[in-house]
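In the two assemblies presented below, subunit A is common to both, partnered first by subunit B and then by subunit C.
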Partner chain A sequence: MNPAHRARAQLLAYAVAVMLASALSTPAWLLAGVLAALLLAGRQALVILRRALLATLAFSAVVSATYVGHVWWLTATLPWDWLLTVNLRVLLMALLTFLFIARVNLFLALGFSRRLSFLLVLATSQALALRRTLADFRLALHSRTIRPAGLRARYRAAARAMAWLLDRALANAHESAQALQARGWFE
Partner chain B sequence: MIRVDALCHGYADQPSLIDVSFRVEAGEKLVLLGANGCGKSTLLKILAGLLAPRAGSVHYAGAEISPALLKRGEARRRFRREVGLLFQNPDVMLFNPTVYDEIAFGPRQLGLADADARARHWAAAVGVERYLSRPPFTLSGGEKQKVALAALLALEPKLLLLDEPAAALDPRTTGWLVDFLADLPVTLLTTTHQLALAGELGARALVLGEDHRLIYDGATDAFLSDMERLVAANLAHAHRHRHGALEHRHWHAHEWP
Partner chain C sequence: MHIPDGFIAPQMYLPLYAMAAGLWAYGARRVGRELDEATLPWLASLTAAAFALSFVALPLPGGTSAHVTGVGLLAVLFGVWHAFMAASLVYAMQALLFGDGGVTTLSLNALAMAFCGALSARAFYLAVRPLHVGLALFLAGWIALFLPALLVALALGAQPLIARDAAGTPLYFPFGWSVTLPALLIPHALLGIGEGALTLLGARLIDRLRTRYRTG
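What follows is the complex of A and B.
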């Protein structure tokens, strides 16, 4: 199959899989989906599972803890079924996304649309630049800590890096929009 | 003080440094020149023990350094205290709630009794004492650069690695920085691609070429007056000059941002 057609077919398959994952409400089916995604990942399964867990951990933990607290306060019971369903669904969607990004050339997949390709180029260039700076934040903390950095220093450095990234991402997005406007994008 | 032997480094399949070797004696002030992307920042990060070379070695004060050797213990404490790296983007170095805390961060880690005096002394030395209670991220780019520099100096390092320290500074502050660095009793290695500053920042120049190899190691003045070498390092350019009706074109190495 032509590489571009193959990438587009994979994009379609990914979109269908994500919609299915959002529609499933039985923990057993969601667990089967997670196992299937890991099987598809092959040798990369552990790396992709780790990425998906790290990416969803904070969000899932906060949502789960809040909902469990709420249900416990009202009924003095634990919503095990809900917890399993929601967390497996989030994990499955993250796994599918990381698997898709690892396997598919996004530029080929979105090649059918000039506008989507432009947006992908903009997003990728921003992400690469921000990733370089994020690496510098980590190295700078390392270079300034005489003993291995303590928790307080790590939290402060991480918070500062996140705040900087948000500021920079907003400023970059604003500049990109201005550049697109200057080149007639919104005409 | 520093010995670099046959150093090689790369990012994925792209080389960033190839077979770089040089020595630096204690007290020397050197300038590291090169066009954008030739590996200047990478070299400083390797010298600071933050990145591991793919091949070759770096010795500081007789001991080989690498990120693995600097993970913990006395070697790490000594090295981090004696070697400071000023990043090109000062934002990445500043994470404490106030300028005072930022400058006192290093001395406090060492449990130094005079941490407060050091913080105030170096804040005054770089001219940021009026900002001591302000969060560093609210300062201008030049002020952040000064705070980051003061935070390094508060540990009284022996070797300072400065990555494009004048990039975010206005002309007046750049003049101040040149004088300030000239008076510092430390070994200095400063990167820049501003040729007008090169002679002021170090009497000896190391020049990285676009092929990521060290193409010059010698007197800065001699390099700056050698147009062939400047062109080879992509540190000189040619364009048309118009003088009324007369138009001509030649290589030259004037200032560019």
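What follows is the complex of A and C.
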């Protein structure tokens, strides 16, 4: 199959799988889904499982622990069904997403719309470059202060970073438009 | 407020996707109409900036920090539809490229944080600007964080009402409004002060940079 068609089919399959997983409320089916997703991940199963757990653990753990405490306080029982259903569903959906990210080229999958895939490529490349510069700004602030910077200094640094970001974005937009015009994109 | 997949019932996220799709279609037309052929690079750059803004630390007392959304600043500087489209694209990128935030919750995040956040920020800014520009900028940042928190709290708290089993046990997010409203509104009312301060400082700095370019 053509790689672009294959990526589009995978995007569609992912959307359907996520929707189905979100509608499931039977722990056995959800567990089967988790195992199937891990099987599909093959050698990457552990890496994908780790990523999915890290991405969802904070929110799920706080909600689960609070709900367990709440139900125990009211009824002196543990809500096993809810715990299993919701945590397996959250895990399954996160596994599907990380499997999709690992296996599918999103830029190729969105190739049916030239504008959409172009927008995504341009936005992602610029976003990663801007993020890297922001990390440099943070390190620069640390390296120029002997003691940890005070609240006022950190606010001023954050505001400067925001202003720089937006200024850079305006310049990037102008440069990209000129580059595209020079290459005949708008004709 | 990034909620992972699995806590919002399809009964809620599917209608929200229908609403968001309508707004995305209108937003794309509106942004395209307001700008010339540079629309795409402009939107891409604004999206990249909005994405990177979420990595700017919002300093909190005690040496800790949260992260800004930047929606208020984008709405004040570039208008509601540009802010909405850019922030929506950011949430889609975060979900589909980095696995941060849910795909099924994307519609809720886009409607609450990107659309209502931008709309309320712009409305507050325009309403208060004749009285005091600084206060208008601060309130725009504050409301852009606080109103989405209220909407997300309402959406989360509605889950036990719309999806429960025969025994009455919730199937998705388990807590009602008595828990979600204070849990989200109290911290976001305080975090909004930081977002408001950064919106004020950021907008003033941008204004100064633009003036410098015009005069230089």
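In this text, the second predicted complex is superposed on the first by the 119 of 187 C-alpha atoms of A that agree within 3 Å, B and C clash if a C-alpha of one lies under 4 Å from a C-alpha of the other, contacts with A are read in each partner's own complex, and residues count from 1 in each chain.
Quick note on the criterion: a contact is a pair of C-beta atoms (placed from the backbone, for glycine too) under 8 Å apart; a residue touches a chain by one contact, two chains touch by 3 or more.
Computed from a prediction, not measured in an experiment: that's the story for all the values here.
> Just to be sure I read the superposition right, which of the two partners does A:Leu78 touch: subunit B = first, subunit C = second, or both, or neither?
neither
> Is A:Ala65 touching anything from subunit B or subunit C once the two structures are fitted on A? First, second, both or neither.
A:Ala65 sits against neither subunit B nor subunit C.
> Per the contact definition in the header, classify A:Leu46: touching subunit B only (first), subunit C only (second), both, or neither.
neither
> Give one of first, second, both or neither to describe whether A:Ala140 is in contact with subunit B, with subunit C, with both, or with none.
Once the two structures are laid over each other on A, A:Ala140 reaches subunit B alone.
> A:Ala28 in the overlay: touching subunit B, subunit C, both, or neither? Say first, second, both or neither.
In the superposition, A:Ala28 touches no partner, neither subunit B nor subunit C.
> Does subunit A have more residues touched by subunit B or by subunit C?
In the superposed model, C touches more residues of subunit A.
> Scan A:Pro148 for contacts with subunit B and subunit C and give back first, second, both or neither.
both
> Touching A:Leu12 in the superposition: subunit B (first), subunit C (second), both, neither?
So A:Leu12 meets neither subunit B nor subunit C here.
> Touching subunit B and also subunit C: which subunit A residues?
Looking at subunit A, the two contact sets intersect at 148, 156, 159-161, 163.
> For the complex, which residues does subunit B have touching subunit A?
Residue list for subunit B touching subunit A: 45, 48-51, 71-72, 76-77, 80-81, 84-85, 87, 89, 91-97, 105-106, 109-110, 137, 151, 155.
> Of all residues in subunit A, which touch subunit C in the complex?
Of all residues in subunit A, those touching subunit C are 18-19, 21-23, 25, 51-52, 55-56, 59-60, 63, 66-67, 70, 79, 81-82, 85-86, 89-94, 97-98, 100-101, 106, 115, 118-120, 122-127, 129-131, 134-135, 138, 148, 151, 154-156, 158-163, 165-170, 172-174, 176-177, 180-181, 186.
> In the complex of these two chains, what residues of subunit C are touching subunit A?
2-10, 13, 37-38, 40-49, 51-53, 55-59, 61, 63, 65, 68, 70, 73, 77, 89-90, 93, 95-100, 102-104, 165, 169-175, 194, 197-198, 201-202, 205-206, 209
> Quick one: in the complex, what on subunit A touches subunit B?
133, 136-137, 139-148, 153, 156-157, 159-161, 163-164
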